[in-house]
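Every chain is named by a letter (A, B, C, D, E and F) in the order it is written, and numbering of its residues begins at 1.
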Amino acid sequence: MQLQLVTWPEVESYLTRSQGIVMPIGSTEQHGPNGLVGTDAICAEQVAKGIGDRTGAMVAPTISVGMAQHHMGFPGSMTLRPSTLIAVVRDMVESLAVHGFRRFFFINGHGGNIATLTAAFSEIYAGASLAPASGRPANMPAVRCLLKNWWEAKQVGALSRELYGRAEGSHATPSEVSLTWAAYPEAAKPMTLDPEIAPTGGFTDAADYRRRFPDGRIGSNPGLASVEAGQRLLEAAIVGMAAEYESWIKES
Amino acid sequence: MQLQLVTWPEVESYLTRSQGIVMPIGSTEQHGPNGLVGTDAICAEQVAKGIGDRTGAMVAPTISVGMAQHHMGFPGSMTLRPSTLIAVVRDMVESLAVHGFRRFFFINGHGGNIATLTAAFSEIYAGASLAPASGRPANMPAVRCLLKNWWEAKQVGALSRELYGRAEGSHATPSEVSLTWAAYPEAAKPMTLDPEIAPTGGFTDAADYRRRFPDGRIGSNPGLASVEAGQRLLEAAIVGMAAEYESWIKES
Amino acid sequence: MQLQLVTWPEVESYLTRSQGIVMPIGSTEQHGPNGLVGTDAICAEQVAKGIGDRTGAMVAPTISVGMAQHHMGFPGSMTLRPSTLIAVVRDMVESLAVHGFRRFFFINGHGGNIATLTAAFSEIYAGASLAPASGRPANMPAVRCLLKNWWEAKQVGALSRELYGRAEGSHATPSEVSLTWAAYPEAAKPMTLDPEIAPTGGFTDAADYRRRFPDGRIGSNPGLASVEAGQRLLEAAIVGMAAEYESWIKES
Amino acid sequence: MQLQLVTWPEVESYLTRSQGIVMPIGSTEQHGPNGLVGTDAICAEQVAKGIGDRTGAMVAPTISVGMAQHHMGFPGSMTLRPSTLIAVVRDMVESLAVHGFRRFFFINGHGGNIATLTAAFSEIYAGASLAPASGRPANMPAVRCLLKNWWEAKQVGALSRELYGRAEGSHATPSEVSLTWAAYPEAAKPMTLDPEIAPTGGFTDAADYRRRFPDGRIGSNPGLASVEAGQRLLEAAIVGMAAEYESWIKES
Amino acid sequence: MQLQLVTWPEVESYLTRSQGIVMPIGSTEQHGPNGLVGTDAICAEQVAKGIGDRTGAMVAPTISVGMAQHHMGFPGSMTLRPSTLIAVVRDMVESLAVHGFRRFFFINGHGGNIATLTAAFSEIYAGASLAPASGRPANMPAVRCLLKNWWEAKQVGALSRELYGRAEGSHATPSEVSLTWAAYPEAAKPMTLDPEIAPTGGFTDAADYRRRFPDGRIGSNPGLASVEAGQRLLEAAIVGMAAEYESWIKES
Amino acid sequence: MQLQLVTWPEVESYLTRSQGIVMPIGSTEQHGPNGLVGTDAICAEQVAKGIGDRTGAMVAPTISVGMAQHHMGFPGSMTLRPSTLIAVVRDMVESLAVHGFRRFFFINGHGGNIATLTAAFSEIYAGASLAPASGRPANMPAVRCLLKNWWEAKQVGALSRELYGRAEGSHATPSEVSLTWAAYPEAAKPMTLDPEIAPTGGFTDAADYRRRFPDGRIGSNPGLASVEAGQRLLEAAIVGMAAEYESWIKES
């Protein structure tokens, strides 16, 4: 059930049976020579919609631009400052909490979001934790947020290793590129890359990143990506993450 | 050309021939008994993609959550505070300006965004206008932002009047509801509404809005919406706004 | 009744009979070769005081510096960033709400303030609209803000057209310049301008504005301004806006 | 020379002979049973205009609402949060610095502004002091800000002591009340107060202040105020502060 | 009793007998040719610990980096922007208020902190003073903050004058340098300075400060500092400030 | 070499041979029935000083209050909001970068800081990565930040496992408690805990945390802590982290 595609009375009805919602968050950033700029947003959105279809969970609109300052050396990359992204997540969660949503299951498509998103959860919780001092009632409803990276479903890890082994790498991976091609086959760009496997390592700002990773990839060979692999990976991610959602939503 | 569906080298190539980009911005908010919560985001996105197809312009990812505090009395509505939305727009424009984009054509789907989006443009321009005092170089590149509401294409106005006359209203209009049904026919919810035409008037915060407009509509009868009308309206909006884009992008 | 010119017991007494207050807001910015830098603040203040005299309404101190980043290319212009002005308006309204004021009638003297001021209202309303999520009591008092541009009183429009026709223009208009001369006759600077009527068009930041409008005017001929016209325009604005205030304050 | 009452070419001309400007800042807050809510803003404005007349200095528009959280227990009082006032002062100084103003002489009318205004100066200076790290050019122009409380002119202190001795007190003083009556004789409210001299002491927030100072005064007897005293005090303040301005503006 | 060196049950127990806490705040900045960069933090911490030992008061961890933008021309100096320091103090006070602390006795070691710290208190109080408008309960607990500079204990003033007379100066004073040497004798750097007594005067930003005070001192001769003097000054400060604390904590 | 204990000329000299600095960051929060409130700050500070002694690195003053909103249910705990901590880290790094420091090695003592600190690094890097759009010079110096948790030195992990096995847990661990006792033996509080090993699990805000972990510990038995173990752990941490620092500082 996608929030964008239902009416408010349908949301009202949903809230009588569940307080959970799936929140996809991705990024808009370079993904190497043949990966899409929208890779991380597309992956998060596809997996989130799949969870919704499989479990009946409500799915919020995708946060398409994340924290990707390190990719700014490549045309098309976009970033929110961490302080901006924290405000966005806080406003979105507070909005949905007004209606009675209490459990926010973030499906994340971008490693660079993890720290800022986790900090955003703390910013939200801090509102409650500091409440007695700022005069807020003690019985205000408490929300819970959970961050799950779609690629960490155990089914996905197993399949990625089987398909790509060490060519998976960590940015512009053949797995994520495949998944986006499964969603948008017309955007697939098969290509032989040189070097086949990109260099690895750490990085700081955009200039540093571009110097270390000249074509944008880190440790990966997305030349191995395919629509078929993407279909299998998407299915694996949905199965794994739907189970995680259902289990979490039942926790006391 | 959607930014999410191309690679960074393709963006680099695009920038050699154009500095323009279409920025769709909508909202996630109630749209009456049979309108979708995502109506404004869907409309903006559909029209923006159409402009991209027609003109070859780059289209950025949609800002799906806008400024909709007044709709918070209805389940499913979401809002960013104006100060948050200003930061989001500033970060997005600054990101794209790093790569050489200079003209930002915002296709807006939500009246409630207009003031805040216009303020965001001023926040961005103020960075340049106050630059001499803060030590920034005088020759920094200047960006231009333009806000266009899709329903203000003259072709759309004519068609809406022809189709719906005074039943068009101003929120949860049959025109916008039709347009979303054209995009997602499976989400169409034909319905007879009571009263047929909703009340009109001003409003302040969410409680005030709900008191005045009990089912969420303002002045409209979206019971008249249809997929067919939506197809015609979408086409009209694309034709009209593509012409606006092409004309603006050529201005000196 | 000007807030600055009464004592706190007089304010306390006023609040037993009214919850309304007139809030003048202007700008400090260039107004062409013979218009005053304070034109917009003076106009808003004069009209607001007139409303106070005519209706007995309380009048707050004038916000003299507004959002005028586009005028920064001309000496003497000042601007608040939109984010700053939003904070100012929020603090002022919250302050007065502590005492029981509930209706804030903003008399605006500057087109450049409209978007930011409207966004500020939404920032204030959002505090209430998001209250259930942040633990605020549901029965907190609701405030209402209204923005009225003094020149939009229908009496003013008719008179401006009669006096100046198409020489009115949109910035440094003979009407606003006349009004300030009526208030400060010693500051009147009759002058023949060249060209008589300034160019028109859009603009972005300060450098862009100055390039398009070299002497600061847009579409106007303030060479036609006079003290006498100013007196008539001020009277028209007061009559029109006082009626608007009285009507609005009675609305349920 | 008041900035509000001149044209931009006159400001341009002024800047060829001086980089100084007088910045009046007051407050809008209770001033006891017979003092005006606008006392501090009126005093600062009157003294600033006097300095302008006497020295030819440019005088900026008055900041009428200051930091007065402790007065919020009395109807009519307004406050900006310190963080808001810092942003306002920063934007105003940066605006004027764009045009070439370099020395900002703040005439203050309210003790409660001192700390926040001083912090605002540091916020502005910090922009320059941290510039090498944030990449700003080393040769950016440096501004200087000075804060002067009008009542600290030595001529004023002597006269206050002569006129009122220990009945001067520290809030709603007969001196400041007199000065406002000199400016607005029609607003004078002669009155015998009970007790004649108000209590003294420290305070924290608004509730604490009202509990300690039930009618708003601290240590003063503004029952002694008069228009005549106000005229003498205003003259003394102008003479004293004009000398301070002229001396400071010449400092290397 | 140092907060860092006790357990939470001990804090719980402490709160049954006192709501007071000592908050040391210093700075990290140059202190001339032989004064330590940490002088102000060390002084505040030493005096605060002494108060804790003498009175049994709880002592919070030291705020080591303060507002010192003017010292940024000398290597090793650090500063928080005033707006950052206000947020820090607000969060720290709100945190401790959650547990029941109500009286915050700030022992300050740096003149440059005074304005910003005072503004921070107002920011905190403003939360309570504006509470009725933002819907907070009227009976929320009120906190009180007090700022005391350690060198203003009358015992310290007398001793400084006796020891150093006019060589005390106002920055990098022999008194504060001595006190740090008493705490860290191994860091003592006896030295003859040239000129013996540094110049005096005002300053604005870091470049201006360095130009006026080439070796960092203002008006002082820290060549006179000694461990022995430091021991006497520390004892004097503790005796004086402990008495201030005990007297203040008893105030109604 | 502790920054607090040297003079500015000594810092100037240090910068001719190194651009690195060790930045200890901890937290002030409950650490169970017998752990100190300052545990995390003490551990970070002790390890950082040890690195400084061993390698000659400069050591900055400790950030003693971190992000610990989840501990606010226990008396004595303090927290900065994530947005505040980001501003603090940004200001501290920018300050030191003015002088030429370029590599910031954060020794962290608190798991709750990791996300926010990582986000702060991105906020700092984003300043450089967005620089071309905001007009900053391309050749501005680039800084690098690294976060290391002291307990992740491989020597520490081995020793903790040897000493405590599964009784180590994850909050109020016997290892960290031991380390603080080694630093402050007089604060050691040997105690038998009930249950011996605390429960484990996740948490959200302060109320949730206290409900799940009634005495504050997670999964640990700090009843096993000892001064002797603390000495060994501290030595292990210093050896391990000094090696990490020296290796990192040499990286190109």
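Keep in mind that, in the parts below, a contact is a pair of C-beta atoms (placed from the backbone, for glycine too) under 8 Å apart; a residue touches a chain by one contact, two chains touch by 3 or more.
If you want to know which protein each chain is, UniProt gives these names: A, B, C, D, E, F = Amidase.
Bear in mind that the values here come from a model prediction, so they are computed numbers and not experimental data.
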Steps needed, at minimum, to go from chain B (Amidase) to chain E (Amidase) via contacts: 2
Set of chains whose contacts include both chain E (Amidase) and chain C (Amidase): A, D
Chain pair with more C-beta contacts, A-F versus A-C: A-F
Homomeric contact chain D (Amidase)-chain F (Amidase): same or different residue positions, threshold half: different
Remotest chain, chain E (Amidase) as reference, centres from CA atoms: B
Chain separated most widely from chain C (Amidase), comparing mean CA positions: F
A-F, B-F or E-F - pair sharing over half of the C-E contact pairs: B-F
Inter-chain centre distance, chain D (Amidase) versus chain E (Amidase) - centres from mean C-alpha coordinates, in Å: 29
Intercentroid distance (Cα basis), chain D (Amidase) paired with chain B (Amidase), Å: 46
Rounded Å distance, chain A (Amidase) centre to chain B (Amidase) centre (Cα mean): 24
Residues of chain E (Amidase) touching at least two other chains: 72, 79, 81, 83, 91, 95, 98, 128-130, 136-137
Chain-to-chain touches, reported pairwise for every pair that qualifies: A-B, A-C, A-E, A-F, B-C, B-D, B-F, C-D, C-E, D-E, D-F, E-F
Touching residues (chain side chain D (Amidase), partner chain E (Amidase)) in the complex: 67, 69-70, 72-73, 79, 81-83, 86, 112, 114-116, 118-123, 125-126, 128-130, 142-145, 204-208
Complex contact set, residues of chain C (Amidase) against chain E (Amidase): 91, 94-95, 97-98, 127-128, 131, 136-137, 140-141
Chain E (Amidase) contact footprint on chain F (Amidase) (complex, rising order): 2-9, 11-12, 15, 28, 30-38, 41-42, 60-62, 64-65, 72, 74-81, 83-84, 87-88, 91-92, 95-96, 98-100, 184, 187, 189, 216
Residues on chain A (Amidase) engaged by chain E (Amidase) in the complex (per definition of touch): 129-130, 132-137
